[in-house]
Structures are given as structure tokens and as C-alpha cells.
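Should a chain be cited, it is by its letter among A, B and C, assigned in written order, with residues numbered from 1 in that chain.
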Amino acid sequence: MKIHPFFRLIAIGALCFLYIPLFAVAVFSINASRFGLTWKGFTLDWYFQLASNSLVLEAARNTLFLAVVSTMVSTVLGTAVAIGIKRHPWGKRWAGFFDLILHLPVVTPEIVFAAALVIAFALLRYVSSVFDPGMLNMVIGHITFQIAFVALVVGSRLAAISTKIEEAARDLYADNLFLLRHVTLPLLRPGIVAGAMLAFTMSLDDFVISFFTAGPSSMTLPLYIYAQVRRGVTPDIHALSTIVLLITILAVVIAERFSRTSTKEKKHA
Amino acid sequence: MSDPVIWYGELTTSRSLLRRGLAHLSPGIAWTLVFLAIPMLALIPVGFASRGSYGQIVWEFTWNNFYRLLGYGTFGWSPDYLIILGRSCMVAAVTTIICVLLSYPLCFFIACKPAHKRYFWLTLVIIPFWTNLVIRTYAWLLVLAPQMPLARLASFLGFIAPDAPLYPTPFAVYLGMVSTFLPFVTMPLYASVEKLDWSLVEAARDLYSSSWRVFRHAILPQTTPGLAVGVTLTFIPAMGMFLVPDFLGGAKYMLVGNLIQQQFGTSRDWPFGAAVSLGLMLLTFVGIWVLRKTGGKEAVH
Amino acid sequence: MEYSLEAYAIYKNYGSVTALTNVDVRVRPGEFFTLLGPSGCGKTTLLRIIAGLEMPDSGTIMLRGNNLTSLPARERNVNTVFQNYALFPHLSVTDNVAFGLRSRKFPEEVIVSKVHAALDMVHMTEFAARMPDQLSGGQQQRVAMARALVNEPEILLLDEPMSALDAKLRTTVQEELRQLQQRLGITSILVTHDQDEALTVSDRIAVMNNGQFVQVGTPMEIYERPRNRFVANFLGKANIIEATRAPGGVQSELGFLQVNGVDWETGYLAIRPERVRLRDEAPSVNGVQSRVREAFYRGDHLDIWLEAANLRLRTAPHRAISSGDTVWVELPAEALVVLHE
């Protein structure tokens, strides 16, 4: 197969277009100049400064805490929802309703979801002051959009598992618990891992929901970078962004390797 | 025992099956209802309430927020909000179209690579997809800065004053939007392109002389599923985008997302914010409906 | 006589679709019983009802005299070899076979020895550590057998266990299956749509159609004495001759045929192609003279189509017969089967 040189040019142009800004950030993170964007020589000072910036460290801790807690809760709830929907005889109407609920976070513009959350927490504050803007609200907000994505990923995996396998387990004397523990969950594991990874990354990446639900002491890295950029871009932000970028690249490459070897194993069979 | 049934080899009753199904479902579904569905429905009554003088919600039924959105303010009619709404639709539509136009060559470029190299090129698309949006957006501030070649070229050609940055401008917003959403179209589209039946393309090439007709009759129908996913994944978030215009468009080029954010942020006018959100939802649904319509027609051909 | 399995008056509908209508089955201990029929005849539904994977709308199922109609699959001492085997893809061969013992909480040392014995029985010991997707179709089938047999079930249920194997392997596996079943003396019920398979392995066959038993009997009874046109056509090939009763036999388009036991005024006779005999000269009774329409050389036999009544016959391969020849054939009275319905 050959591709027309003109389209080839567009393709390479599109890739450059994606990477030039990221490349610029990386370059300016090792530029000695504090102000302006002229090259003043190589330095790693901005990276060392990050290590002593307590706000950044605090934000990194918050980001990680938020992602870990919300992923754990949403993975359990989302997996249960997927099993509940796919493995029980719901009528057409109910199945449609559940489908609608699950697709709601996918088809709602994030900003509307955020606005709805602001109102929800305002109403919940009548009940208890724990719903003041802050980490709890952020965790709840993140779980809310994660559940749907976990359920969709796990659900598609579940649909690929034949019910014959479960019947075979029943035929071999398995009760509900044994079936879940030794057949359904192990077979679902790739889907659950994929769903959890998706949820985790979505939480790390999230800006809008966090922006609308955060309190004064629950700054995350995206929020910190946003706040700093509003004041004017500085080299230490470039350094921080470059670190985040490198971690992203590493994670994507590892995830790709992982999924590639698992498909290879399947093909080998 | 009330109506016993067998479910995948388990003897049970409809009632206990229902009970167990609900036990699985209800925590997650209830969570989504409480924190997503009900709050979104709550936007409706809030949209019809009014703002108290301290920013609180006053529960008096009024159409004022919607009148205001349509331009009828205290000082007569002004199209400001309607312009923002129209602009959001246009930005979302144009962004989607450009992303599609760029994605097709990109997908075919990757698909034409030998199999073991495709992963590398595909990974190049996936990395920006997962890179934090705040970082990707502010990175454009660097590229568009006065000292950089793009801004120099623009000032040389007389588009901007010397030593001025290329932001905030509509151009910068489009750059930011397209670079944000390009991977959202490319990834699902690539999944379809990879599965493409090349013999059909070859057959079409024999039948038609023009490459447009080959695309129209052999490639487009086969890639419609991936295209539909990509377009939906782009159009919906693009409608509500707030970060890109916030950094790159400024007050001169506001979109609906910024307007909503303003109401819930500095203006503290939740009822109006809710009304704008409802307007955005409405526009999004209309947009999806239009896409489905045209997409459906494509599928028929 | 005590039966291993009895099922009485089984009815099953799926919405408006009838799967089973008033089915009665009795299977003797140690018997190899086969449910044979075209797809959609209800044979798999019946097997699933016996396994406890499906509920009958009404009827009773008894295992060694105990009513188990309302027992779930896990409380029936019955195990299934599924179509396409349904092996657990995440478990090794050993763990697959051990599954039934583990879910019943057998002590681990008992499990180890039983699993070893079961794998030995199907000659799969050397593959014990493999995963199912590393096995060939035939090996997977053996694992599925071992996984069922290790539980020492009262009845072994086999749901089209050989449909996924290629034709050559299938013949070998059929013979092995029959030998294994004889050796263990285990009561087995097989579901299949393959008549050769049914004839090879079974003690008795139940031919099913439209959710009902059409005929139950030994392979020879079913093949030699089909009850009606459906059975005659479904098992092997048959010539069907429309006839009316006449003294001492019937009158048909082939003329008068001598045949015993005609109990209807008009009806059908059947004769297998290999029972039709070629004659050099006119036979004394039941002779027919006809031109040969077509003759096909098949290696181990010759298929001949006559113009008279579309008659088809099968004979030894070394006869010099070609289309256009005129031949005499005999339809021996003892080979003519009087069909009912």
C-alpha cells in the first residue's frame, strides 16, 4: 500500500502539530532564563526548585490520593453494575434505563456535569457541612464519572465471556460465590484492570470537575498549573509539566507493551 | 416457592434473581442518579429561579434567565449571549471537521506502515491523548509568544502589532481546539481503518477513476463506525470546552463553557448558569441529532 | 427393572415456540442412549433439562428413583461435556479437571490423585500443565471428558461433543468414546445430529423431530425398521414407494410387490439402496426392469439411479453398468419396510 505524498505530508504535519507545543514546554524547562522566552543556556535548576516547593508536593500528594481513592471505589461499583446489568434478566425498558444512566457522563458536556455537581453539593450542604468544597466533593465527583466508564469497559468484556462457561461451572457444582470468585472475576480481570487504568488516568487528567469542586486545601497538580499559568508562565511550571509529560509517555508505553504481549499470547494459541 | 426459574444453571426465583441483580446494580446506579442524573434534572428548577442579591438562589419562578440568554437584558436587546452560543456551535463544528480532515491522512499513513512499526506511530497519537489538557493548552502560549517564529511571521505580514503575542485570538482557539481533539478522532477512526477491506478499495479503484469516488463509495462506508465515535467524542466536549478559550481566546472570544464557568465562579449567578447549561445541553442534543441524521444518510448510501 | 434416568411428560415452550411436547425417556443403567435429530428438534433442550440448566414447563425427572425436577444443576449428580467444551480459559488442564472437586471442597490430596487418574484415563497426563488454548480440538475434548468423569457422575451428558472435530478425527474419537463408556460402564446420554455417530456409539437411539420422540430403539432397529418416512430419510438413504394394499402385498408404480404386514389401505414402503439387488434375468417375485438414468462410481461402491420410480440402489463397484443400460432389479420382500404415518 502506498499513500499519496500530499496526504503523507498532512499526516506528518498533523503529528508535528501535536508535538511542537509539548516540545516547546520541554525545551523551556531547561532554559536558564527566568523571564521571557529567549535561550540563555542549559540548566536543571527549575527541576531542583520543584523538590523544595511544598505547594507542588502537596498538590502531587492530593492528585495521587484523589486518583487512588476514586479509582478503588469506582472500580468496585462499576464492575458490580456491569455484572448486575449483563447477567440478570432485565426487561427491555429497564435495560434501556440503565444504559441511559451509564451513557449520561459520556454524552454530557463536562461543564454541565460540573455545574450540576455544584448545585448538588450546595443542596447537600443543607444536610451536612462535610459537603463544603474540598477533597470529599472531588472524590465524589471523580467517582461519578468513573463508574460509568468502568462499567462500560467491564461490560464489554463481560459480553465477550460466553454464558456457557458459567453454565459449565454450575454443572460442576459451583455455587454463586464460587462461580464469582473462581470464574467470573478471573475472566473479567483484563477488563477490570483496563477499566481501573482508564478511571485512574481520567482522574489524574481531570481539570473541570476538580476546578468546580475543589476547596482551598485540596489543590491538585492540574489546578496548580492552571493557577500558575493565569499569573504568567514560569520555568518551574515548564519543569513540572515536563515531568508530568514524561510520566505520561512512560505509562502509555508500558500500557501498550502490556496490551501488545497479551494479544500476542492470544494469537499464539 | 414463587415461580422458580433456572438462570445459567442456578435454580432460583424471579424475585431472588431480581434481588441479587439489584444488589449488584443499585450502589453504582444510585450513586450516578444522586450525583449526576438528579443534579442535572435540578438544573431545570434552578434555571427558572432567580439570583438573590448575595448570590443565593431565590425560588421564584421566572423566565428571566432564558430571556436574558436570548438577549433581552435590563438595557434593551443585545446579541452578546446569542453570539457566544452561535460561536460555540461554530467552533465545535469547525474543530470536528478539521480533525476529521486531518485524521484520515494520519490513519492511512499509520495503516500503510509495516505492522511492527504501526505501534510506534499509533503510540505517538495516544501520548497526546493522555497528556494533561492544562499542559497541552498552556503549551500553545509558548508557541504563540511574541518571540517565536509564528508571531514574528504574523507581525511581519502585518496581522498583529510587532512584539505582540498571537493570543488571545480566534486563531489561537482553533489551534488549541484542533490539537486537543485530533487524537479523539484519530484513535477510533484508526480502529476502523485498520479493519478496512482493501479488496473493496481496489475494486472501487478499478470502477471509478476519481479518488474522491473511491473514498466516497469504498472507504467512507467502511469507516463510518469509527468516524461516528470520533465525531461524537469531539463534538460534545468541544461544545462545552472552557479551558482552551480561557487560555487562548480571552474575553474577546468567549464560548458557552466560559459563560457557565463565570456564572458559577465570579458572577455567582447560579440560576443564569443553570439556564445557560440547559441551553448548552439542548444545543448538544440538536448537534448529535443532526450528526445522526447525516451519518444515517451516509450509511444508507 | 430399575432405570437410571426417567423423565415423564416433559413439556417446554419458549414463548410461542414449542421445544418439547410430552416427552418420555427411560435410560437403563450403563446404557449409551442417544438423542438424534435435526437442529431445533428439542434434543439439546432435553439434555439441558436433565442437566438442570433449564426448567421444564411441566413433567418429572427422576434419577435412580429420586425426583430431581426442582433441583439446581449443582445438586444433580450429573455432568456435561459441552458443545465446544466450555473449558475455563484461565485455568490449566489440571485446574479445569479439578474444578468440580474443588467446588465440592474435597481435600486437596484426594483431588490430586483423582485428577491424575482422570487425566490418565483420557491419555492427557503429559498436558496437565497446559492452558486450554494451547491444546488441539481433540485434546480439548479429552479434557472436557476428564473434567466431567472425574466427578463420577450418575449420568454423563454429551452435547454434540464431536461437532467441532474434523471428519477423520471424529471417527477415531467415536470409537474411543464407545470403548471408554463400555469400560467405565457409565450411563451416558448423547445429543447429536450426526447419524453415523449415533449408529456407532449407541445402545439405543431416540430419533426426535419437532419436540417429540419419533422412534426409540437399537441402532439396528432404527436403521432396518424405520417407523416412518422421517426416520427412514434422516438415517441413511431410503427409497420411498407409495403403494395401495393388494392381496398378498401392495400395488405400486413398480407393479405388484409381495410384502408382509401391510396394515393400511394406502401408505408408503421403504427400502435401503444397498438392499435392492441387481439381477441378470427377471426374478420370480418383486422384479423390476428399468433403464439406468445415472451410475456413479464411488470407489467402494456403485450408486445407480433407475428411471423407474426414481429408484436408487447401491451395489459392488466392479459391475460394468453405465447410464442408458437396461437392468433387472429385485426388491426382496424381507427388505421392504412398511412405514406408518
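Following the convention adopted for this analysis, contacts are C-beta pairs under 8 Å (C-beta built on N, C-alpha and C of every residue); 3 or more make two chains touch, one makes a residue touch a chain.
Quick caveat, the model's predicted, so the values are computed rather than measured.
Common neighbours of subunit A and subunit C under the contact rule above are B. Taking the mean of C-alpha positions as each chain's centre, the chain lying farthest from the centre of subunit B is C.
The interface holding more C-beta pairs in contact, when B-C is weighed against A-B, is A-B.
Annotation: 56 Å between the Cα-based centres of subunit A and subunit C. Subunit B and subunit C have Cα centroids lying 60 Å from one another. With centres taken as mean Cα positions, subunit B sits 17 Å from subunit A.
In subunit A, the residues that touch at least two other chains are 167, 169-171. Annotation for subunit C: residues 51-53, 72-74 touch two or more other chains. Of all residues in subunit B, those touching 2 or more other chains are 8-10, listed in ascending order. Across the complex, subunit C is touched by residues 1, 4-6, 8-12 of subunit B. For subunit C in complex with subunit A, the residues that touch the partner chain are 51-53, 72-74, 78-80, 82, 84, 86-90, 99-100, 102-104, 131, 133-134, 147, 151.
Looking at the complex, you find that subunit A touches subunit B at residues 1-3, 7-8, 10-12, 14-15, 17-22, 24-25, 28, 36-38, 77-78, 80-81, 83-85, 87-90, 98, 101-102, 104-105, 107-120, 122-123, 140-141, 143-145, 147-148, 151, 163, 166-167, 169-171, 176, 201, 204-205, 207-208, 212, 221-222, 225-226, 229, 233, 237, 241, 244-245, 248-249, 251-253, 256, 260. Taken in their complex, subunit A has these residues touching subunit C: 162, 164-165, 167-175, 178, 182-183, 186-187, 189, 266, 269. Of all residues in subunit B, only 7-10, 17-18, 20-29, 31-40, 42-43, 46, 102-106, 108-112, 119, 123-128, 130-136, 138-143, 145, 147-148, 178-179, 182-183, 198, 232, 236-237, 239-243, 247, 256-257, 260-261, 264, 270, 273-274, 277, 280-281, 284, 288 touch subunit A in the complex they form.
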